[in-house]
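Letters are used for the chains, namely A, B, C, D and E, taken in the order the chains are written, and counting of residues starts over at 1 for each.
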C-alpha cells in the first residue's frame, strides 16, 4: 500500500511526535508513505477566513503535485489539513467558477488539478485499508487495563466525513480495543477543543480544553488518545493555566500512533513520547 | 443554420403515467428548466417506435429524450423493459451512423420525480449544447446541393414530406 | 400503330437486374415482339447521342436499375426521365439504394483511399486518385464525378413505379410489363408487389411459435440451420417480417433467411428501425449487460437491418459524411 | 443607567448584503433558515458570543451588515462545523462565518482590539512568503504585534517547548515559494464577486 | 373521417387567468395558429375551462362547421375530459379533439417569454397537424364489481370499511397485524378533547367484527392485484395464526397454560416494555379477540417437541390448530381503499439525542404506553431507576422538518406532545418543558388546547435542541440528562438538566410502501407517501382509477383528518359503484387483417395476452376487451400493420414534425 503523504506544517513543528510515531507504525503495517514533494501549507482556517479562492489554490497545489507524481491517495494526518484538503476537493468539484480560477493559478506553476486522488486520514487507512485484524496481529504488548478516552476532535468527522459517523465515530475506539485497551464511553469525542483560540482568545480556548479534560477525568480515563496535532497540543500544554482557572484536570494526551507503537513493541525512543508536557511514558511502560 | 443563434432542439417522448405526470408535477412545483424540449405524450414508453426517434432526428432534432417509469413500475408491467432493449440497439445503430450516443437519452422518471424532470432536461440541453447542432436536414440539403444542377426533379425522403403523400408511395 | 418504345438502363448495379431480364427465358421473345427496344446499353450499342435525338416523351417506359452514385448516372436518369412517359425503378438498388447504398456509412474520401491505396491488393506508389478533369499532352480527359453519397433513383428523378427485388423475379417483371402494355396500372407511385410482409408467403410460417423470445442471435454462416423451421425460431435474424412479400420466399426456400431486398411495406418509413424494434423488444433479458450481450449477436446493425435500404432510410447516410458535406458548403 | 437606542431603522440596513453573502461559496442555502437555534445550541463557543450563530444568520439575512460584521461571533467561531452538521436546513453556517470573516477582513470591519484577524493576516503573510507555517515563529510575531505582555507571560510554555524540543526556531519554507506566491496572486479574489 | 371531407379546425388558447399569459404571449399563439392549415377559428380566452369558455367551443362548432378542435391550456390529465365534453356538446365526436399542455409544460417552467411563446407555438402546430388525422371513436363502458377491498385496519381503514358496509356494500378488510386498531389502539387519550382512545376506538373495532357486510382478515396481506378499475382480482395471503379465530373465545386459558410459565418475549404492542408468551392476545381490546401463536417462539412450531399444554387447556373448544398453514385467497372487487398508515421515525438515527444510549430518553409512543392504564406499568410513570420524574422535557420535530432525515412536518407531534405533557403534569406534578421550533396547532380546538397546556404550567422553550448528554458541568447537572438548546426568544443558549427526555418522533411512510405501491399500481411522492391524484381537487384518488387512499399512508395527519379522508374515500368508492360502470379511454390497438402477414412478432410482447393468432386466417388479432392501449405491439409490428386509436403512427409523425416547427 503506497500513499502520498501530506504531513502538514504542524507535524514538522509542534506536532512532530505524531510524525515520528506515524511513520514507523505505518511501516510496520506495510503502509508506504511517500512525502509529497515541496508541499505547502494547507491554508487551515486562517486562509478560509481571508480568501476562498486562495485557500482552494493552496490545497489544489498539493493535490496536483501528488497527482502528477503517480497514482495513489493522499494521507493527511492533521485534522485541519484533512478538512482543508477535502474541502478544496469538494469546492473544486461543485463550483466551476472556483475550479477555473484555481486551474488558472495552477497553470502558473505548470500544474493541473484532476481531482483523482482522494484525501484520507490515517484512521481511515488503518481501519479500512489495513484492517483491524492486521493491527491486532501486530500487537505484542497489549495495553491491558489502560482506560483511554478516544478524542477525535471536531474537524475530522465534519462536515463531509464519509468513513465514520459524524456524532459517534468509532474508528479509534476499534483500534484501541484491538490494542487491548479499555475504551471509555466519551460523549465529547467530537467536541471542539478550542485549539485555534487558545492563543488569541485564551478564556474561550482554554475553557473548551478544560471541558474535555474534565469530562475524561470524570469518566475515569487514564489517558486521552488523539489523532490531531492541534488537539494534542491543546490538551497537553495548558494544564497549569487550566488548573489556575478551574482546578486541575491532569490527564495526559497522546497520539494514537504512539499507543500503537507501544503496543507493537516499537522502541519508545522512536515514538516521540518524550515530547509530551504531561508525560505518559511511565503510564504506558507500566502496562 | 448559423451557430450563433442555434439553440438545442430536443424532442421528448414521455409515457403518460410516470414521466409525463412528473413533468406536470415539475410545472405545478414551478421548477424552472430550459425551454428547448418538446414533450410528446404516449401511453407507455413501449409505444416508442424506433422510427419516431429516427424521424425526430431526421426532421431536425438535435437530441431525443425518452422517459418512462422505473423498472418494475411500468403501468403496463414491462413496456419499459422493451423500450430499454430497443434503446440499447438504437444507440449502437446511431453510433454506426455517426450520431453520438449522447444525443439520445433514456431516463426512468417516476410520477413523483418532478425535480428530476428539471435536472434531466437541463442536463440534456447542456449536453446537446456541448455537442453542437446535429442538423440532419441541413446535412441533407448541403449534401444534395451537389446534384442540383443535373436533376430535374428532386424529392427527398425526409418524413416531413413523405407523411402527407398518398400511402402508396414507398419508402421515406 | 407503332409498338411502344421501351428502354433499359443501369446505374450503380451488379448487373444482376440485367441478368434478370435475360432470365425471362421464352417470355423475352413475347415481350420483344410486343415492344420496340430502343435503348439497352448492356446488350445493344446505344450512345447518349441516340437518346438525345429522341423527342421528349417518345418512349413509353424506361426501366432503370442500380443506385445513383455518379454525375453521369444522374445525367442519364434525368435524360431518360425527359424522354419517357413512365420511369420504373427496377430492383432493390434503384428503389432503395441496394447493396451499393451500404457505402453511405463511409465518406467518399475513405472509400477512395481504401480502393486506390488501402486495400491489400493495391499498389499505388504515387497515390493517384481519379479526378474529374485531367490534362495530358494538351488533351483534356474528363470523368464523371463520384458523388458524396449513394442515392435512390427517386432521390434524383420522379419515379412512377417501383419493381422491388434483388433482383426482381421474372414473374413480377412480366406482370409489370403486361400491366404496362394493357394499361391496367395501379396508382402512380406504387410498388409492384403485394403490400403484405414476406412471412405471409413463407412456407416456414407455420413453424413459428407464438411466444418468441431471443436468448441469443445466431449468424447463418456459424450455425447449421433447420431446413423447415422458421429462422427466427432458430435465433437466426430473418428480415421476412419487415419485408414486403412477392418473392415467394426464395431465400427461405433455399434455406437462407430473408435479408430484406423487397424493402418495407407501404406503412413503414424505415425498414431497419422496424425490424430493430421487433427483434430487440423480444430479447430475453432485463439487465443492461445481459441485454447488450444478446444484442451483440447482431454485430452489424446497419448491415443487418438496412442491407438494401440505407439510402432510402430516414437517416440516409452517416452523419459523419453529412458533417463533411456541411463543412464543404458552408 | 445609560439608555441606548435599540430600535433599528431602514438606514441601519445595507441593501443587498444578505444576497451577496448568500452568493459566496457554501452559503447558498442561507435563505432557508427557520431560526430554530440548533446551530447556537450545538456551538461550543456560543457561551462567549455576543450574537448567537442563529442571530448572525438573521442579521445577515436582514441586511444588517454592520451588526453582522462587528460581532465577536464570527471570530470566535473555531470552524468546528458542529452547527453545519446539525442544521435541519443544511445551511453551511461555518462557511457563512468564513464569508463574513473574509468580508470583515477586506473591509477591516472587525471589532477594534480583536486579535484573531491579526493572527489570520500574519498567517497568510507567512504562507505567501514561505509556503509553510512555523508555528512558534508565527505565535511569537503575533504576540509581539498584539500583546507583548502575553508573550512574556507565556514563558513557561516556551520553556516547556524548548524542553520537549518542539520549539522550532528555524523558519520552514518550500522550494518554489516564489511560484506559489505568483499562483496566489493570480487566484486572489478570483471567485464570484470577491467581497460583498 | 373520410379523406375528402376538408379539415375545419377551431383553435383556442387559454390565459388561465395570468398563469399562462404571464409567460406565454397568448395572442401571438392565436395569431400563429390562424395561419396553420385547416384552422378556421383561432381564439384566445381568459378561462377556457369555465362555462363561457366551453360555450365558445360549442358555438364555434355550430357556427363555423368545425370538425376538429384544439385547446392549448393546462395538462390533458386535468381537463381533457372537460373539453371533450364541450366538443361533444357541439355535436362533434369528442375524440376529434386534441389538447396542448402549455401551462405545466411551458408557462410554469419557463421564464423567458419569447422562448416560452415559441415553444407553445411549436406544440400547437403539432396538435393542429395531428388532430387532422383524428377519427371519431367510441368510449367503451366497463362494469363495476360492487365489492370493495380495504387494506389496513387502523382508524382510517376501520372507518372506511364501516361507512361502505353501512351503505350495504360488501367489504373485505385486510390487516397485517393480528388485531385491527393501528396506532390509535396504543394511545391513552386523544387530543384535543382528551377523551380516552380506547373508549372511542373499541366500539368501532367491535362493529367491524360483527358487521354482516364486512369480511375481516387480520394477520393477512395483499399479495397480488390484477385487473383494472371495476374488475380487480386480488390475492390475499392469510398467515397461519395457529388458532382458529372463529372457535377461540378469548378466554386466555391457553396463555396461562403455555409451558412457558413466565412471559419472556418482548411485546411489540408495548414496544418491548413488557413481555409476552409464544401464545398471546395482542392487547386487551384486540379484535378479533383470539389468541395467536408466534411460530418463531413456540416450542412446538420450532422443534415439534412441546407438551402442548395450550392445546390441552383449550380442551373441547379445539381452537388451537398447530398444523394451520398459510392460505392464499382470491377475491374479486371493483375498487380498493388503501389505509396502511405510517411508521415512526427511528430516533437512533439522531445520535445527538442519545436514544438507545441513555435509558431515560424515550419516544412519545413509548410514553403513550407508559401512561396508559392498560400499559406495562398500569399507567404509572417511573424513570428506569424506579423514581418518579421531577423534570421532564419534550423535544419536538425529532426527524421531522429536517433535510437530513424527513423534510416534512409530521403534523401531530406538536399536539400529541402537548397532550402527553398535560398528562405527565397531571399524573406526576413534574416540571414539564416543551422544546419546539414552531407550535403547529391549526385544527379546530387546537389553539385552545395549546392555551390549556400553557395554563397548566407546561413551559415552552422555542429552540431546536442540539444535544442531550450526561456530561455534567456543574453539580446540579450531575446524574441528569442535560439538554443544550438556544432559547431563541430570549436569545441565549441554555443548559437544562432533566431526568426524563421524551422525543416526539415524526411519521414516516411504511417500510413496505414501495412494495404496496407496486402491488396496487399507485405512485409515491419522492418521500414515499402514496400520491394523491391532485393535492387539492382529488385528495383521496390516485392515478390508478378505482384505487383510493385514506389516512396517514397519504401523509401525516391526525385522527380527525384520517377519518375525514376515510369517509371521502368510501364516498368515492360508492360513487364509482353506484355509477354502475366506467368509461374507458378508447386507446386500444387493432390489427388491420388484410395487412398482417401473420409473423406473430407481436403476440409475445403484449403484457395482457390480448393478441392471439387466428389459425384459420393465419393472422394475428387483438381482443379489444383485453387490450389496455400500451402500444408496445404497435411499435413493434415489423410491417406496420397494427394501429392504435388516439396514437396512430401518422398522428405521432405529425406531432414530431409539428414540435420541430421552430417559428
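Note that contacts are C-beta pairs under 8 Å (C-beta built on N, C-alpha and C of every residue); 3 or more make two chains touch, one makes a residue touch a chain.
It should be emphasised that the depicted structure is a prediction, and the values quoted were computed from it without experimental measurement.
S.K.: Smallest number of touch links from chain B to reach chain E?
M.R.: 1
S.K.: Where each step is a move between two chains that touch, what is the least number of such steps from chain A to chain C?
M.R.: 2
S.K.: Let me check something: if the centre of a chain is the mean of its CA atoms, which chain is farthest from chain A?
M.R.: So the chain farthest away from chain A turns out to be C.
S.K.: Suppose chain centres are the mean of their C-alpha atoms. Which chain sits farthest from chain D?
M.R.: C
S.K.: Looking only at C-beta pairs that count as contacts, which pair of chains has more of them, A-D or A-E?
M.R.: Result of the comparison of A-D and A-E: A-D.
S.K.: Report the inter-centroid distance (CA atoms only) between chain A and chain E in whole Å.
M.R.: 49
S.K.: Can you work out the whole-Å distance between the CA centroids of chain A and chain B?
M.R.: Each chain reduced to its C-alpha mean, chain A and chain B end up 53 Å apart.
S.K.: Mind checking the centre-to-centre distance between chain B and chain C? Centres are C-alpha means, answer in whole Å.
M.R.: One centre to the other, that is 29 Å.
S.K.: Measuring centre to centre with CA averages, how many angstrom lie between chain C and chain E?
M.R.: 58
S.K.: Give me the residues of chain A that touch two or more other chains.
M.R.: Within chain A, residues 211 contact more than one other chain.
S.K.: Can you list the residues of chain D that touch 2 or more other chains?
M.R.: 47, 82
S.K.: Which chain B residues reach two or more other chains?
M.R.: Within chain B, the residues that touch at least two other chains are 46, 49-51, 55, 82, 86, 159, 163.
S.K.: State which pairs of chains touch, listing all of them.
M.R.: A-D, A-E, B-C, B-E, C-E, D-E
S.K.: Mind pulling up the chain D residues that touch chain A in the complex?
M.R.: 24-26, 44-45, 47-48, 75-76, 78-82, 84-85, 92, 94, 98-99, 101-102, 105, 115-117, 119-121, 123-124, 127, 131-136, 139, 142, 156-157, 160-161, 164-166, 168, 172, 174-176, 179-180, 182-184, 186-192
S.K.: Within their complex, state which residues of chain C touch chain E.
M.R.: My answer: residues 195-200, 205, 208-213, 232, 240-242, 245, 264-265, 267-269, 274-275, 277-278, 281-282.
S.K.: Of all residues in chain A, which touch chain D in the complex?
M.R.: 9-10, 12-14, 16-17, 38-41, 43-54, 56-58, 61, 91, 95, 97-98, 101-102, 104-106, 108-109, 154-155, 158-159, 166, 190-192, 194-197, 199-201, 203-204, 207-208, 211, 237-238, 240, 274-277
S.K.: For a test of understanding, state which residues of chain E touch chain D in their complex under the given definition.
M.R.: 352, 397, 401-404, 437-438, 462-467, 484-488, 491-493
S.K.: Which bits of chain E are touching chain C when the two form their complex?
M.R.: That would be residues 594-601, 603-605, 612-613, 618, 632, 635-641, 649, 653 of chain E.
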